[in-house]
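Presented sequentially are two complexes of chain A, the first with chain B as partner and the second with chain C.
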Partner chain A sequence: MSERKQIIETRRPPKGRSLWKDAAGRLRRRKPAMVCLGVVIAYFLLAGSIHVGEFFDLKVGPTLWAEQVGRSYAPPSSKNVLGTDIFGQSVLRKTLYGAKISITVALCASLISIAIGVPLGAVAGYFRGFVDEVIVWLYSTLSSVPYILLILAFAVVLRDKTLFGYKVTGITAVYLAIGLTSWVGICRLVRGEIIKHKDREYVMAAVSYGCSRRRIIFRHLMPNVLHIVIIDFSLRFVAFVHAEVILSFLGLGESDRPSWGAMINDARMELSRGVWWQMAAATAAVFFFSLALNIFGDALRDSLDPKLRIQ
Partner chain B sequence: MDFALKFLSILFVAALASIAGCDGSAPVEEPNEMVLHHVLYTKIAGLDPANISDIYSRIVASQIFETLYDYHFLKRPYELVPLLAKGMPQISEDRLVYTIIIKKGVYFQSDACFPGGKARELKAQDFVYSFKRIANIKTLSPSWACLDERILGLDEFRQYTKSCAGAEDVDYSRRVEGLQTPDDHTLVIKLTKPWPQFIYSALADTAFAPVAEEAVAYYGQDIISHPVGTGPFRLNVWRRGSYVELVRNPTFRVEPYPCEGESGDAEAGYLDDAGKPIPFADRVVWTVIEEYQPAWLLFLGGKVDAGVIPKDSFDEVVTAGGELTSAMKDRNIHLKTFSDPSTYWLGFNMADDILGKNKPLRRAISCAIDRERFIELFFNNRHLVAHGVIPPMMSSYNPEIEEKGHARYDPQKAEELLAEAVKVRGGKLPVLKIAMPGAGTWFRQYGQFLKRSLNAVGLEVEVQYMDRPTFQEKLRAGSVEMFASGASAAIPDAQEFLSLFYGKYRAGGPNAFNYSNPEFDRLYEKAQVLPDGPERRELYQEMELIVLEDCPAAFLNHRVAYVLRHDWYKNYKPHAFAFGLSKYRRIDLAKRAAYRELVKKIE
Partner chain C sequence: MSGDMAGSNNYLLEVEDLKTYFPVKRGVLRRTVGYIKAVDGISFAIKAGQTLGLVGESGCGKTTVVRSIVRLAPTRAGRVIFEQRDVLSAGKDELRRLRREIGLVFQDSYSSLNPRMTVGAIVGEPLKVHGEIRGSEITERIAELLSKVGLSSEHINRYPHEFSGGQRQRIGVARALVLEPKLVICDEPVSALDVSIQSQILNLLKDLQEELGLTLLFIAHDLAVVRFFCDVVAVMYMGRIVELAEVDQLYRNPLHPYTRALISAVPQAGPGLQRPKNSFGTHAVRGG
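Presenting the complex of A and B:
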């Protein structure tokens, strides 16, 4: 019996590791990337907790950013760690609240761009021909317009408009503008990957089994190009945070609530009166978040790259 | 081959040189050339007097064009003196006919539009032409509102122009009863009803400056960039949106610098140049810089002769006692403050269903705004609290207006009034909207201030930021609930402020509040034809109290201007109403050169 069991054990193929498990293992071995992941998670938790706090109308921490805590332009002190702004509001609370705006915008914009870019790229790559030409023409045209100008144009056009009965206010206009203009990159990548995969054996097998095109694209091809989407998401997220900061700086973003771009815009003129803390707080918040996202994004790309897999 | 290569090299170098010459930089300044350097905080729209509506175009155009009358440069209170007229007008007893003698020996600048390009003498007919041109509906002049139903026969002329196919088809020789020229140097103007502000509002306004018919015919639509005037300067360069340069007009007559002023002027050095021929400057240069901070740095660098203090640099310049800081004194910079005839407010649309019918609500909003805090935060305590609509520098200002308490900050009373407002409304008040005429940092902070003030007393508001044209359009359409706005007087008379509340000026007119009160209108119509005097002043004060009682706006502040000048910039006496003052300015070239050298060493 034991001999038979041994035969079965030896005949069973060696237990392989999935792409995701392998990537997770390699990510864990990169200490700086893990620290950055911690920073990113902290930012996300902060944004999430502010959303929850506002939803349940909890009067704590950053949700009380509008409260006057001291005199105008009070410098950093033990009472107000990052000082106060023109209205005596805590700069620390505003900086923390800014995380919510930036992350919400970046997240919504990423989801919109993925929702547009991935299906279009997949369809173009799989069907080729006329469909591919139309989609390539569309994204080539869109990408020929300078990125920031395109976002600005969209933000100006969308602002205060009513779409499907919903009024597009500051923050919504920002993520719609970014999302609707930023799907080109992911669309190109997915299209390329699908073209590479569509003639592979597993796709041929699916075709020979009589699977529908939709099933082939979304059940067979998409899981095999999903790592590209994740890498792109992590790398683009930081660009979307920057775009939100730029739009807010230019007065096209959130106008009633604190955002990092608006804080930098306010602080620009305050520097001449020696008020540096608002500028320092907002730029530091953007810097650490961008740095953490970039390092983690790079590490994630390296971990998910099949060429770098350890056998 | 070598020859071809050399030829191509020379061609390339020549092309580079020509490109370098087109870099848009200012012409080089000669060491002994007197050049005035100014800043424009926004680009100018055009230099055609009939189509001037913004203050910056008016500033530049006033150096090129002249009017019949102008304000005395030095005397205070402000006094009108003849400029193109030989003397003050002869006014008939019924105050309807003005006879004005035009100065002889006044010439338009030499220009290609005149035969042989030579200067042509100014005639009374040029004034008639300019008035008719403003009346011509094809000119689309914003100044027509000032003449509407004022001059005998001019409204009929306007009606006639409606039937013409184009501006060039209008027959300007058509007779207008109220505009007569018995000879080349006599102008007779007949009014339909007495108009006490006529000399201030029309005869001393650059918009009504004489324009040569030949120039309009020659340049057509391009007249906005080819001004041909009689003034001390002529346009040399205008790079739209960045740079304007005027040069001395060689055909300008001999005009002396004023020999008298108010007390203290001689000690201040304003009479050092008395009797000397003006203008002193060879060129006047304006650089368009829309941000205050770069303009301020140019001023400190000695590249600009005078400037205003940005909000965030105020502490660096002025001490708590209102004196210049030692750093500024060491640079030989001088400070001048003066009251500006302006009032700013948070206006209410009286045609709005929520605000118009709810006086407690309007008064609650007014009580909820801490004006002193507003002035402290946004104007470094420089401005004055507006207790009413008439600015303190006006002769009709009511010194007891403060005691009425319409501008008092009282959050408790605001809450009580809000409770009353809820009863009037018959339910919860909706979120009110405030329209702001800008989206920049300043407007955003201003909006936040208003929102915080109103939220503090329990009123929910939404601030809507928009560009100025959108804001103006919404005001015209009456589609705003509340709006942040203000006005600055062009003449030393409070009528301009009170006209903003005149019932007939509603619906697209200057009355953006859509305010209407029959008693106010009656008093306004009565005051409109009265000459300046105690009776008119009393009427103005009575009208102001009616407005304050009805509360169509929460009046916030009156501006007090703080201007700085360098020591080398002479004869710089600020004026609240006159614009054509560059002819009086003089530069001490040695002092300017020394300052610039000093700045170079520091840098």
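Presenting the complex of A and C:
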């Protein structure tokens, strides 16, 4: 025995290739996806740095979006690359700042929807019976209401209300509205996946040697459905960015600070006067972000769940 | 047989009149309209150190028997006595203690190992769940078991998908043995493997049984496997045991027509054994 112990201590056994490592390898081989990941990371870094900049009150670039840099509606020039808006503010700075609003909203909304959808789906799928029926009833009811109308209703109701002693303003109302209404998809997926896995023999084996329910859900089932959550997160993020743009466009989003939706809304009137730069900038920003996220999300899905791949 | 069972206490596991029915539900209100009688009143007993083979065709309820014994399936009636303790009426803590002493080896080694856990985590989990030993002791015990089932401690950080079918089944055996159970139930442990690997796993189980003094309940649908392996054979058909006898007796003198049919279906080794010799000079070919 001591001899064996020595062997274990002196030579570390080689590491195996986990399914996660396998997936990362498959993902890394897809060049377009990696380029898109770079774009997505750039957007995230931008949003993060604006947050940091605002927190420390640094006066650089996008945090100075409110500054007047030229005359009203100045077309793109070497001084103002993307021109100015009605107040003479830099469109470039506003566009960059819009990334912060969009990403913050989409991230918070995603976290809320995951926090609601995953546990509900897991509980429904694992326990079935009455609990399952209640949860299925709940999400079926929710998903029978048209999505945009539901978000609008939530956004209108939540706006300027005080929840738990905290006043819901601007983007908080937006991400609460999006998050509280869009957990249905992930809940369904997790429920289905848990139902599929819980009758597998490895779960039965775990029960047979006395695993607790909590351990089975968290140690055995969750790691096997986590990839579904990650895939859903990456693809849903795009939808949340769009939802934020739509809400801001409809005037229910952030009203004090620039966001892509609000910029597009402003630009509606300007287009007829030939002022195209604000519209173009906001649209391009949304376009490249959604495109990159979509391509990356698809590649992520193919790598994490190779059985799903459609070629 | 029932006279034999009564009064003697050297049975490790006794199953009496076990019934497991699955309700068939129909209609909007999901009313129970009938039952599938997967296990319909079976009784058998295994002496400590013995191997009992449970054979029968696919769908006759063998797996349900296994699951009923360890309470993974809802039993309707009957008794399961393990070491004089009633399994079916055991409370939560008692059931945990009982499950510790019964190891399970599953049929499909692909679905019975969690694909996201390393071999070390899979084999070591029962130890962690029962919390008797910790840290390096667990690693030591896992390494010891892996070498016992013919793997090496090098494999401890690998994942199930990196192994072949036979190796995976060895991992399954290691997991079943890690808590040092008295009874090991093997639910068709070799039927998903190809023939050469089957014999490896069977030899492994036989060696381990001798070494550790295990009692085995061995489920199979292949009588040849059972003949090699078991002391007593129970033949199951449509949820019931139709014949229960010592292995030699069963093969020499099968009483039930179903048993006879099963035995006659076992393929004979050697091309000339059953069929009459043809006129093409089989001997010459074999001799050459």
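The criterion applied here is as follows: the second predicted complex is superposed on the first by the 290 of 311 C-alpha atoms of A that agree within 3 Å, B and C clash if a C-alpha of one lies under 4 Å from a C-alpha of the other, contacts with A are read in each partner's own complex, and residues count from 1 in each chain.
Just so it is clear, a residue touches a chain if its C-beta (ideal position, glycine included) is under 8 Å from a C-beta of that chain, and two chains touch if they have at least 3 such contacts.
Owing to the predicted nature of the structure, the values given are computational and were not obtained by experimental measurement.
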Return first, second, both or neither, reflecting whether A:86 touches chain B, chain C, both chains, or no partner chain.
first
A:18 in the overlay: touching chain B, chain C, both, or neither? Say first, second, both or neither.
second
Answer with first, second, both or neither: which of chain B and chain C does A:256 touch in the superposed model?
first
Could you look at A:214 and tell me whether it touches chain B, chain C, both or neither (first, second, both, neither)?
neither
Determine, under the contact definition given at the top, whether A:72 touches first (chain B), second (chain C), both, or neither.
first
Of chain B and chain C, the chain that contacts the larger number of chain A residues
C
Thinking of the overlay built on chain A, is A:201 touched by chain B (first), by chain C (second), by both, or by neither?
second
Between chain B and chain C, whom does A:59 touch in the aligned arrangement: first, second, both, or neither?
neither
Tell me which partner A:273 touches in the superposition: chain B (first), chain C (second), both or neither.
first
Listed in rising order, chain C residues that touch chain A in their complex are 67, 70, 72, 95-96, 99-100, 102-104, 106-108, 111-119, 125-126, 129-130, 136, 139-140, 143-144, 147, 153-159, 161-162, 172, 175, 179
Please name which positions on chain A make contact with chain C in the complex.
1, 4-5, 7-8, 13-19, 200-202, 204-212, 215, 219-220, 223-224
Using the touch definition from the top, list the residues of chain A that touch chain B in their complex.
66, 72, 86-87, 160, 251-252, 255-256, 262, 265-266, 268-273, 275
What part of chain B is in contact with chain A in the complex they form?
293, 310-316, 377, 439-441, 444-445, 447-449, 451-452, 455, 462-465
